[in-house]
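There are two complexes below, and they share subunit A, which is joined by subunit B in the first and by subunit C in the second.
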Partner chain A sequence: MNEQQIRAMVVEALEYSNVIALRDKNLTGDFLAGLNEVPIDALDMDSLAEMEVCIAIEVNAGVSILPERLRKIGTLGRLVALIQSQ
Partner chain B sequence: MSTLYRRAARRCRSVNQFNALHIELENRMTPLELMALRGELGRWLRLRVRLRRVLQRLLPLRQAAGVDDMAHVLREEWLEKLSHRLYARTPKPQPEPYRRRKLSRHLRLYSAGGARQDKTLLICFVGASNRPFLPTPVFLQHLDAARTDMLLVGYPRGNGVRRGLPELGCSFEETVDKLRGVAAIDSYRRCVTLGISGGGTPALLAALRLGLSAALSAGGGSPTDPRWFAALGEHAGDLARRYVAASASLPQVTLAFGADAERDAAAARAFAQCLPAELRPVHDDHRTVQHNIFSVLLRRGRLQSFLESTVLEAPR
Partner chain C sequence: MGFLVRLRELARQRPSHPAVCDARGEWSYAELAQRVEAACSHLCRQGIGPGSVVGIMLDDEAEHLVATLALLAGGARQIVLATHDPVPARRQLAARVGVTHLLMRAGAPTLEGVARVDWPRIGVPADAERGTPPIAPSAGTLVLRTSGTTGGINLVAFDEAQIAAQAERHADYRDERLLRVASIEHNNSKRHRLYCVWAGGSNVFRPANAELVAFALAHRVSCLDISRMHAADLAGSPEAHRLAAIKLRTGGSAVPIGVRRAVLERTTRQLYVRYAATECGAIAMALPGDHDADESAGRPLPGVELQVVGTDGGTLPCGETGEIRLRAPGMATGYVDNPLQSAQRFRDGWFYPGDVGALRRDGQLIVQGRRDDMIVLNGLNIFPAEIERVLERHPAVAEAAALPLPSRVHGQIPVAAVVLRPGEDVSASELRRYCHQQLGLRAPRRVLVIERLPKNSQGKTMKRELVDEFQPGAAAA
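And now, the complex of A and B:
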């Protein structure tokens, strides 16, 4: 998966998990284009959403990230880099 | 249940796979199933621990597999946490005796049996998380199985019920009309709807269309949500207005939202322009209240009384 594909996959994982903050704040386009750094805290995820995002990432990219680690990654850009490095 | 769990758990190889399994179960189980699973797995796990000790004595080099240990820890944590939530904020010593019955692909009826003419049917339209904000057994524990049945309306993720449920109809209205027969609505003493998050709009519309007694929308969506416009050809709010104009008697409608959830508050205020409704902000003195109002009410021990005052025992 290249970076563009990973970004699209992350957006899909967030939508699947009903995390709509990215869409709500009109940040999806900028994130897909790699123009904006989005803090994970700004996504307003509860613990269920964090689990579901991690499940979706593992299913779609085969990369296992634990929910408790997700917030510590800090930003969606760093999440993309982490997935790409695996 | 425990046999099914063990079979599914055997295929799990990561924490995320276990989490996915546990979320699926939390969305479906009854309080009885949860307690049974806890009891049976407890016995099974104790047996496994004893067996492992014997094996380790016989084969000192044998080490527990990593996945096995992880599975053990995750299962224990999950069951303990869920069981704690089941009992922590409700003064009931026993699990509510609901049984789960699949009426169709997306409809599950939770009932303890008994004469329907003495009971209330709560039709629950869930949001994208496919649960009533809380794990289903925890939510059911806050109902009275002797007086209330719950019909849980699910749907394929991402689709909602805006275009109907495939097994009931190809439009929202056709699906809602079929619910009357499938759920035997008329055989109940009264019938009410509950909508969670994205399920709020269908809960309000269904209560108006079917002429039900009451409706509660918890953190529901906006009456001008473009997805509803795309499905119906008109805004959900306009459809609600049409139903109100055509109704002889209206349900008691409550629009509840977290006091700090600005988006939900705005949606509730907008819906209140379309139909007679009571706005019910949920406050908490100790923390902010966002989208998931039921978890706050659960923590404060107010969930059951909230449900009773808004839909379950509302007049009419």
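And now, the complex of A and C:
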């Protein structure tokens, strides 16, 4: 997967997990274009959403991330870089 | 009572009733009994009897039936070495059961190292030649293969009394003209052919190249038994409505409501869906009025005691999902050469087919899938059948297969592959969202649209072959 595909996959995973902060704050377009950093804490994810995002990343990109580690990654941009590096 | 005694009884009770019908004509019960007696004498002269293990390699269905009945009467052990199987597979199976004789058409290629007995075309013997063969002191035995979709192929052995006990659940064959699309070389077909004989019904055999609808009508077939795959194909045929007067029976794997509705609307209102296992025969049957969104397997057949039990072995109340167990007349008590599997599947007089399901308050059995197929996602139990059922209800989906992807973090992740109906166009993401709406946490996390599902010779989907399709980077439609 290239960076663009990974970003699209992350957006779809967030939408699927009912995490609407990205859309609510009008950040989806900028994130897809790689124009800004979005702190994961700002997404207001509960533990179920964190799990769903990790499942989506694993099943689509083959990268395993523990749900409890997701926040520690810091930003969606770093998450994308992590997936790309694996 | 064995099959030869039963045949003689039928020959007295309904001597001119058709027993066997094929493109060459019909044999009455009197003729079938004479042919079987002649064949039994022939085999006896070849030294085949109790202690013999006979591999049958006959693709002529009527002759195969006569050979089967003659071997049962003669007290031999028999197994089908199907002519459609590759020679190495036949050789391996013959060695596994210790085949001593091969029964085959003269001139057919043999398996080296085993005595061959050429099978003559058995006619009705003239009076002078007709002798009454002795009935063997020990019962003949039928060795059958399980389908092997969830592991290695197991073998079960049934003596005549067990087959007869299973046949009692099919007494309604007495007034039927039964056509099964699968050849008698398939063990389920073979068994139903014997049940039909036991009931005194008419076995109709179709040449492989004969068009199904025309043949069934020409030979006045009243009961057609076909796989789910064939049932779906037939319902899509413009000829399907011509079989409106026929009883259509299917089973062998879960039959989705979409297929059932297609059959009911386009082929016949008389649809029967059977739930069965090689180890015990038919277990339950959904009757024409039983087909609803739960995709019921029907009520357990007379004589079958069926329970749904929890992990502690205790019976569960109606509506709760657990493991299915049963006992039934004529059931096997273990596998031929697999004590480990025998101990797992046959416990305390019960047979555990390895399926999970629930009994509804109205007594209908809902089979939810294989216990071994259960997907455990972060401790949540998900059955592939519930995902497949939802996907196959989508108007664009023809067929679906759900399976687990192993995960170090989550245990297993449910995913699904679907085949779309011709002309339909729906995205994988849309199908995934549709599943999410219907199933919530139990939804597949990835859906692939593919051109066709890999199937084995019995039409069952080989899910293990689908796993590679889900690897990141694998091409998908």
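By definition in this document, the second predicted complex is superposed on the first by the 86 of 86 C-alpha atoms of A that agree within 3 Å, B and C clash if a C-alpha of one lies under 4 Å from a C-alpha of the other, contacts with A are read in each partner's own complex, and residues count from 1 in each chain.
As a working rule, a contact is a pair of C-beta atoms (placed from the backbone, for glycine too) under 8 Å apart; a residue touches a chain by one contact, two chains touch by 3 or more.
As the structure is a prediction and not an experimental result, all values here were calculated from the model.
By the touch criterion defined above, A:16 lies against subunit B and subunit C together after alignment on the C-alpha atoms of chain A. With both structures placed on the common chain, the touch criterion links A:1 to subunit C but leaves subunit B unconnected.
With both structures placed on the common chain, the touch criterion links A:55 to subunit B and to subunit C. Judged by the touch definition given at the top, the superposed model places A:66 against both subunit B and subunit C. In the superposed pair of complexes, A:44 makes contact with subunit B only, with no contact to subunit C. When both complexes are aligned on chain A by C-alpha atoms, subunit A residues 16, 51, 54-55, 58, 64-67 touch subunit B in the first and subunit C in the second.
The residues of subunit B lying in touch with subunit A in their complex are 14-17, 19-20, 23, 127-129, 157-158, 197, 263, 290, 292.
Interface residues of subunit A facing subunit C in the complex, by the touch rule stated above, are 1, 12, 16, 51, 54-56, 58-62, 64-67. For subunit C in complex with subunit A, the touching residues are 377-378, 405, 407-410, 413, 415, 429, 432-433, 436, 445-446, 470-473. If you check the complex, the residues on subunit A that touch subunit B are 15-16, 18, 24, 44, 46, 48, 51-52, 54-55, 58, 64-67.
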